[in-house]
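What follows are several structures.
Each of the next two complexes has chain A plus one more chain, namely chain B in the first and chain C in the second.
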Partner chain A sequence: MRPLFGIAGYVLREAASRKFILAFMVGITLLLLVLSLSLKLEVLDGALAATRLFGNALNHRIVAVDVALRPLYMACAYVVFYGGILFGIVACSDFAPSLMSPGRIEHLLALPLQRWHILGGTFLGVMTLALCGAIYGSGGLLLIFGVKTGYWTLGPLIAALLACASFAAVYAVMLTTATLVRSAALCAASGFLLLVGGIIAGYRTPISRVFEEGLGRRLFEGVTLLLPRLSSLANASAELAASQPLEVKSLEMLLAGVLVFGLGALAVGFWRFEGKDY
Partner chain B sequence: MKRRRGGIWLALAVVLLAVGAWLMFTGQGDEPPPQAPKVDFPRRMRQEEWKRAERRRTQVLALAPDAGPTEATPRRPRDPVLAALPRGKGKSAVVIEANALRHSPIGELLVDCLMRDGGKRMDAFRQFSGVDPLQDLDRLVITDDGLILSGNFGNARFKELFKERVSSDYGPGARVYEPGSIVVTLPDGGTGRGQGDETVATWNDQLLVVGDTPGAVKDVLDRVEGRGSDEPPVISEGSTYGEMYGVVSVEQLARMLGRDQPELADQLREVADSVELHLDARSDVAMVAEIRGSDEAKVTDLGKSLGAALSVARLKAQADGNKDLAQLLDFAQVQPDGSEFKLELAVPIDAIRERLAFCRDAGQPPREAGMQP
Partner chain C sequence: MSAIEVIGLQKTYRRAFRRAGNEALRGVDLTVPEGSAFGLIGPNGAGKTTFIKAILGIVQPTAGTVKVLGGSPEDPRIRARIGYLPERLHLPGAWTATAFLHTVAKLKGLRPDGAAHLRLLERVGLAEAALRKIGGYSKGMRQRLGLATALLGAPSLLVLDEPTDGIDPMGRVEVRGILQEEIRRGTTLFLNSHLLAETERVCDRVAILANGRVLREGRLEELSRGGARWAVRFAPGVDSGALAAAGFQAGGADGLYHVEAADAAALNLALDKARAAGALLVELRRDGQDLEAVLTSTVGAAA
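After this line comes the complex of A and B, so read on.
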């Protein structure tokens, strides 16, 4: 496992040197700071009686605090999920292509490593980065609202972890694309396409009814059967963040399915990388 | 060796993608998700309620014989039931839209409850009075001084019903039945003559007024005929939305709260001037109470106290595992607006159905008996 962690550390050091990612972390920190300093919540026996942002009254309803925070947590979960994946696609798209660039790949291949260690380590490094960002953002949000309202829930944190799991599937496809074509733009495009496909796959049943019975519908159902159901996971993460009942039949199986898809995509990348001459 | 390892990765990829597809297919499930509960609160007049209010403007008051030239313009038709309502601050009146309620889910449950003897009592009442409460009754108004029933009472046999009462005409189309002497059974088993305790009046086969005193009933008729005070009725036409609506006296509401929340009841008595209620029963039962007072700060504090009480009740329901109650209290909210606030509460129809299940069960023959040959 040591070679894997070695490559992951290499990826993380590279990420730390990038201003883009540092700016993102600073942005999250500033947002959390502004929220904690400007938001005033008056809670009375578990009911949110008044909300003030920058001194202006925001919400005139008096409702149970968890009910009042529900839409906010749901919105945050969606932002973390889709926003996090989109940012991850853009920010991490050139990690793998740059590792495989001429000069660097020869150096890596010369090390006492197996080839799959390079890809696996890159994947591990990027996922560590995503996990840290998600925990930092959602944990900060959780802390601010927990301290201000006295209502503590792990929902937003679990929602962020689900977003990470989804990004794992997306990044696995991006990494596999990098083994086919050494282009950051194409890597990002494949990640973006999978995100769109994953959103569609989550709604495959209602969308399939739009197609007429026959080959078209079968083809659509066949393709979307394989794709990770990202929109279903996004909805589940929002429901978890808001402590609402889940719409999916089994979140564990769905989550496992998305992760196994990611591993499958990664295995395709390993197969391609093993057979490639540099 | 390199090719063999590559083959293993490819085979593994195929297996993983297939397992992933199966897991996602099974995990998501292809059945449509259950609809989240949605409650429609009665917050304002809906289009059908404006139409209903317009249809009910059937009474055109005749001009007084000594009316001057200023009265030459024809008077606007009005709803006789609204005209019959009490006027002035501190008065209360609650209107139950009996006909609308009867055709709502909760109405059907209540009818099931009433008919659990197979409708025998209802048939007996229908034959005796000539009135079918399920068809002829339109609205029922509960006031401080009695009841006002509106509907079609053309087939009612009032003369037989109130034959022991002293009846007299009271203006065109109105007749008052004052309590007469009645035969009562004494505690020693003997009989004696006593006085009935309620006065009844009818108006144009449309209204039936029941009051504590002849004066109270005549006041209602005076108001209907335009002889009462010029103050507006306690419920305006623009507030006739929902299946039940009206103005409840603060004292009555405080008494209801008093048992469980004495401090809140005292605060309500001190702060609130009037409480307007609206209840929608078209699917789930949703209630909106508008509470008004003169001191804005105190009214806001009362709203916060009520909101906190609802939040505590919800937490208690969650802790007790009472899922239905916790779910309905999710919709509970208080909306302050200056010197008034709106309190919204909902009860899912399924929760009421469960509570009234004994009625339906009691009305059906035992299953075992039905199975016997």
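After this line comes the complex of A and C, so read on.
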């Protein structure tokens, strides 16, 4: 396992040297700082009595803290889910193609590593990066609202973890694309396509009604059946963040679907990488 | 024991939707003795880089067997004993040299040792730039760092693809010194260089690869030997007619003659005749070829 962690460390070190990833972390930190310094919440007996943002009072009814925070947590969950995946697609699209660039891949392949260590380590490194970003952002939010209102919930953290699980499937496809064509643009495109496909797959039943019955509808249903239902997972993460009951029948099945899809995509990537000449 | 043993190595690069592939290696047989300094030379597109990649397991042979340090190049334990410098080593520009060596040492399964890494950087002439970002390095400095990386962990086999590319003449002398130190230490050196003078100075054995085949292979002096022909230089004022009668043929330069002599006795007999005619000997050497001439004649004959 040491070579796997070694490659993950290599990827993380590479990430640390990239300005836009550092800028993203600084951006999250600034947002959390602004929120913690400018937002004043007055809580009386578990109810939100008054809210001030930058000194201006926000008009609202007196409601229980958990109810008042629901829309905010839901919005944050959606931002973390879709924004995080989109940022991840753009920020991480270059890692695998860069590692497989001429002069670098030959050097890595000549080191005492198995080929799967290189691909697995890259995946692990990127997922560590995504997990750290998600936990940092959602954990910070949780801490700020927890301290200010006294209402503590793990919802936003779980929502962030679900976003990471979804990104894992997206990045598996991107990594596999990198083994087929060494292009950051195509890696990003494949990730973006899966994200769009995953959003559509989550709404496949209502969308399928748009198609006339017959081959077209069956084809649509068949294709979307294979895709991970990312929008359903995004909705579930928002509901979890807001501590509301889930609309999906089984979160476990949704996650299992994403996991199977991700592992399948990774398996194709490993198979291709094992047999490829550089 | 052989450091590298290759039998019937073939490599054909196939492309999707194309029936015929590109044959890079067409049945290469080559043995590199342990502890030797071996040079691989040949024209562009001869298959040299493919051969190096095949012995490191970077490309998978279409046919044939490859044994490196007594085992398979796919075996990480074998690879741990190999130091490799690729032709165009891509280095992370935002890292420092010490950080890069630290990471590669960990990937090689070595315990990172900052002091040892600094000594290694000093050895390749990068001590002062050790903490500078690699992005600011010149091509020669990058090449030196690549060499330092290959030397990590004192490998038993060094495979270097164009190690002095981009390095200035003084730097080349330093690199040559390092390679000679490694050879004295018992390391097997496998060198691919376009600089034939470099190969000639460092290597004791050479193989000529062209069109995916080994055309000639052997000790350097055997390849460059000109047979029974000798070059002789006499002091000015010799009697050309008498020398011609003794079997000497006039060379291009003043006082330079060539003579055919199968053995030492025949050579001395010819020289005695020349001296008897009043010629004064000032220089005698075997009429050999340099590596460039060997390469040109070998590849030309095969074409």
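Note that in this section the second predicted complex is superposed on the first by the 277 of 278 C-alpha atoms of A that agree within 3 Å, B and C clash if a C-alpha of one lies under 4 Å from a C-alpha of the other, contacts with A are read in each partner's own complex, and residues count from 1 in each chain.
One rule holds for everything that comes next: contacts are C-beta pairs under 8 Å (C-beta built on N, C-alpha and C of every residue); 3 or more make two chains touch, one makes a residue touch a chain.
Every value quoted in this text rests on a predicted model; they were computed, and no experiment measured them.
After superposition onto chain A, the partners chain B and chain C occupy separate space and fit alongside each other. Comparing chain B with chain C, more residues of chain A are touched by B.
With both structures placed on the common chain, the touch criterion links A:275 to chain B and to chain C.
Within the superposed three-chain model, A:264 lies in touch with chain B and out of touch with chain C [touch as defined at top]. When the two complexes are overlaid on their common chain A, residue A:256 makes contact with chain B while staying clear of chain C. Touch criterion met: A:202 reaches chain B, while chain C stays clear of it.
In the superposed model, A:232 makes contact with chain B only, not with chain C. Shared-chain residue A:78: touches no atom of chain B or chain C.
In the superposition on chain A, A:136 makes contact with neither chain B nor chain C.
With the two structures overlaid on their shared chain A, chain B and chain C come no closer than 8 Å at the level of C-alpha atoms.
In the superposition on chain A, the residues of chain A touched by chain B in one structure and by chain C in the other are 275.
Residues of chain C touching chain A in their complex: 13, 53, 56-60, 76-77, 79-80, 82, 84, 86-90, 92, 94-95, 99, 103-104, 106-109, 149, 159. The touching residues of chain A, when paired with chain B in their complex, are 44-47, 49, 60-65, 67, 116, 201-202, 205-206, 225-226, 228-229, 232, 247-261, 263-265, 267-268, 270-271, 274-275.
Across the complex, chain A is touched by residues 2-3, 5-7, 9-10, 12-17, 19-34, 303-312, 314-315, 329-330, 332-337 of chain B. Partner chain C is touched in their complex by these residues of chain A: 2-3, 6-7, 9-10, 13-14, 17-18, 101-104, 106-114, 275, 277-278.
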